[in-house]
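In what follows, subunit A forms one complex with subunit B and a second complex with subunit C.
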Partner chain A sequence: MTNELTTWLDTLLAELEGIRVRRTSRRRLRVDVASDALPALLELLRGRASFVHLSAISCVDWIDAGQFELVYHCWSYEIQSLVSVHTRIPREPGVYISVYDIYRPAAFFERDIHEMFGVWFEGSPDLSRFILTEWDGPPPMRKDFDSEAWVNQHFDWQDYHPDWLKDLETRGGGIAVPPDEQRFSRRNVDET
Partner chain B sequence: MRPENYEAQRQPPSYDYELNIGPNHPGIEGNYAFKLRLNGDRVIAARADAGYLHRGFEKLMEGRLWIQNLAITPRICVPDPVPMEVSYCLAVEDLCGLVVPERAQWLRVLQLELSRIAAHLFIFGGHAATTGMYTPMFWGIADRDLILDLFEEMTGGRVYHIYNIPGGVRRDLPDGFGERVTNTLDYLESRLPDYDNLLFTNQVFVHRARGCGPISQQQALEWGVTGPNLRATGLKFDVRRDDPYLVYDQLEFEIPTEEPGDAWARALVRRREIKESIRIIRQVVARLPTLAGPIRCPIPNPLAWNVPAGSTYTRVESSKGELAWYVVSDGGERPYRTHVRGPSQMHAVQVLEQLAIGCRIEDVAQIMFSLDACPPEVDR
Partner chain C sequence: MTHIDQVPTPGAPRPVEIGVKPGTKRTNPFARVFDELVRFAQSRSLFMLHYCTGCGAVELPPAMTSRFDMERLGIQPMVSPRQADILLITGYVSVKTLKRVILTYEQMNSPKYVIGICSCTVNGGMYWQSYATAKKLNDYMPVDIYIAGCMPRPEAVIEGLRGLIENIRTGRADAWKDYYRRYDHYLGNQQRLFGADWQTPTDVIAEARHYDLFGPATLGAHTALLEQHQRPLEALEMRIEIPELMRRRSRSDQGGTAQ
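Coming up: the complex of A and B.
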């Protein structure tokens, strides 16, 4: 059954331009395709080859190449294979086409990628904020977003000096433990 | 006022209101919220509101070493943490081409199935509680605790184990552990008829759960539903059998399915899966003494470990459905990108929003628990 699939995909090479197929293991197939041919390929996979289950859409930010890589993982319950379709789109302006009309679960993943990477999907039913509802910064999963710098820039380090700690601090310590209660101190070990 | 004298005030036909359930609510699993639009007690629209548990794990993992990320992975799903660890380890092993010793694979299966029972007991009690029956909940939590005791002995941790490392597992079983597992399994198996008597023959539960939140098989496939929720619609699919990992192809187990696809069927599938997991663990316990050998393969210095460049997608069957990691390495000491696909990302958001429409307000909680939605998986 799985061999049939590769021959089927081989014949597809003639139909679609710029497609590369590589078998990575018995049940895994990696397909690299140009971004304008991807919806057509997914439609063929779903319609003709029973890949009805869109397992996930992953986004990778290749900042040095100036590209986003979108990976569509499709599973067939009949052939029992997983096809990962890789495509790359330019990082700027980061706009792509939704595959919601082919796969319904795409709505969640596209919303998530839009929120985390700032990729706009034309035709996706709902790209409103979901997880980062009150976030007004840049999309945080992009590689040029530095979490630590953001924290230092937007938040202050707070000093914690409550009243109950004040006289301990004047005595020159944080939390004082009487010597006989210091169970793990080196000195107690030496004495015994 | 006598009922015959009471004249109901007529409301305009568009009279509806909004109700916010959550983020801390007994009818909601974890921290999650629902904006419900209601007409009377009928839901006419529902909108999921997530983000209360967002900890930015995927971003965090990009800044940490491959081995340090093991501390993060189980925290993505609290009631069922083991599949997260295992699938992440499988991904790293796939990228490095490591071959896990057989004994370690069987130990992983043992841990995975124990975790599955614990998660099913947890949600099983939660589902009963949403129909007003708290005894199954107390029983479920108490019985789950026995499995947590086993975990504590086996791994040192009750909730988050971090037992798996790329290449194998951290330590071998303590002496006499198989016997204690068998004792616990015997006890759990003897409890199952009690659960049936208490819950599945209970008319309150039968009437509340039957026909509540039904999904047809076509809808389930269309919306990407996996796991027990998919099997409750009659499709016999399980990643353990159809996309086998570890040693599941050497084990004998049934895949329980039910036809109706409603809350009742989903609860029943989980109840039957507990029995199958017990069966699997018995096989593992019988097999483990015959397997000598190492529990992990040698790995490079984990503090300076450059994982070869590449990408992989590893799937396992968690108690909630298909769980997958997409891990990308650029050949560095840290992952270039990790993406987790939790099963709840499908059924806790889009499916739940659809199913809630038209049901009554008291059934919203039941639908959520019967789908086994896990908000931390959605938020990550």
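Coming up: the complex of A and C.
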């Protein structure tokens, strides 16, 4: 039964124009679609092909290509397979259409992506702050956000020989490997 | 004549004198003995509020329960900050959590002790370049003891707690006084993260006066900024809004009039 449905889905998607379908494994299907055709495809998947569960929307920042890649993961309980619909939108101005009318949970994912990547979803019910309630910087998951520079600007580093460490050293403890000799030290990376 | 107790010894930290305001003359010859007794009693009955922010929390159940048994040291978990002596921060503190940690800390009664467990509270640990994680806990509140490790084993936790007990017994665990003496410094660091309108419901400056710990560094540029932005606290409005209950009540009212 499941196999039949899978074959049926494959033939259905193969007949659609303008999309590229690749079966990555027995239960996973990757679909690449143009951004203007994505809502129609999701409508089709949900309405006609039993993909009623939108597990997640993920976003990838392809900064060199100047694009955001949005991935809609849809799961079907009948066919028991996952269809990942990939689409790319221009990084500037980073505006896309909401799929809230097709999948209700999309509201949360879109709110999250708006917060982390700054993508504006037209028609999403609420794009206010979600997790980073006090954040006033740029969207932090963008590739051009320099987290280390932000940290240097907003926080002080721990002194490597604070007073309380002297107590430990008198008792025989302390830092075993000095910061300069550590394998993954920032300073070693800077020098090379 | 100056009593020998009032002469501060240079270099050595001054022992905590419980219940005695500096400047008052101590006439009781047994005062020192009594202080020591009180400190001993205090160090052997500690109630701990563990604010489990990160992964270090998983080391606490074994430290508390039968295997390592924290209670033999007189340390018990406590559910509310008002009744707790120790605030245990286990792991990374995100900026959002830090707000809650500070609120919790300020609600605790003095003397209060803060223990930072795990590398993350010391220097950010593996989250050193994360934009959302505070790096040094002692920038925002005075920390008595750090227990480093990622994560420290229950033995290390117990060792750290024993260190704190020893510090309390000898009167060296007085980091909490620093929060009052240098409130401006801590408030400044908090404002740097949370913005100029950051305010807590606790009036720390008044508490500093109450504990007689008001010093020249209690007030400063940052407390001035706080005063500028401070909104008076208002009591929360009590209101019951349960739609189902309201509907049922109005229905029964109507039923009553019809009959």
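FYI, the second predicted complex is superposed on the first by the 136 of 192 C-alpha atoms of A that agree within 3 Å, B and C clash if a C-alpha of one lies under 4 Å from a C-alpha of the other, contacts with A are read in each partner's own complex, and residues count from 1 in each chain.
The definition used in the following text is that contacts are C-beta pairs under 8 Å (C-beta built on N, C-alpha and C of every residue); 3 or more make two chains touch, one makes a residue touch a chain.
Computed from a predicted structure; not experimentally measured.
Legend: residue contacts after superposition of the two complexes on their common chain; A:S84 is shown touching subunit B, with no touch to subunit C. Looking at the superposition, the partner that touches the larger set of subunit A residues, subunit B or subunit C, turns out to be B. Touch criterion met: A:W150 reaches subunit C, while subunit B stays clear of it.
Within the superposed three-chain model, A:S76 lies out of touch with both subunit B and subunit C [touch as defined at top].
By the touch criterion defined above, A:P140 lies against subunit B and subunit C together after alignment on the C-alpha atoms of chain A.
Contacts of A:L132 after superposition: both subunit B and subunit C are touched. Once the two complexes are laid over each other on the shared chain, residue contacts for A:R28 go to subunit B alone; subunit C is not touched. Once the two complexes are laid over each other on the shared chain, residue contacts for A:Q158 go to subunit C alone; subunit B is not touched. Subunit A residues in contact with subunit B (one complex) as well as with subunit C (other complex) are 132-133, 140, 147. Touching subunit B in their complex are the following residues of subunit A: 24, 27-28, 52-56, 58-61, 71, 73, 75, 77, 80, 82, 84, 103-105, 107-109, 112, 116, 130-133, 140-141, 147. Those residues of subunit C that touch subunit A in the complex are listed here as 95-96, 99, 122-124, 128-132, 134-136, 139, 146, 192-195.
Residue ranges on subunit A touching subunit C, taken from their complex, read 132-134, 136-137, 140, 145, 147-148, 150-151, 154-158, 164. In the complex of the two chains, the subunit B residues touching subunit A come out as 49-51, 54, 56, 58-59, 63, 221-224, 226, 235, 237, 242-243, 311-313, 315, 322, 324, 326, 328, 336-337, 339, 341, 345-346, 349-350, 378-379.
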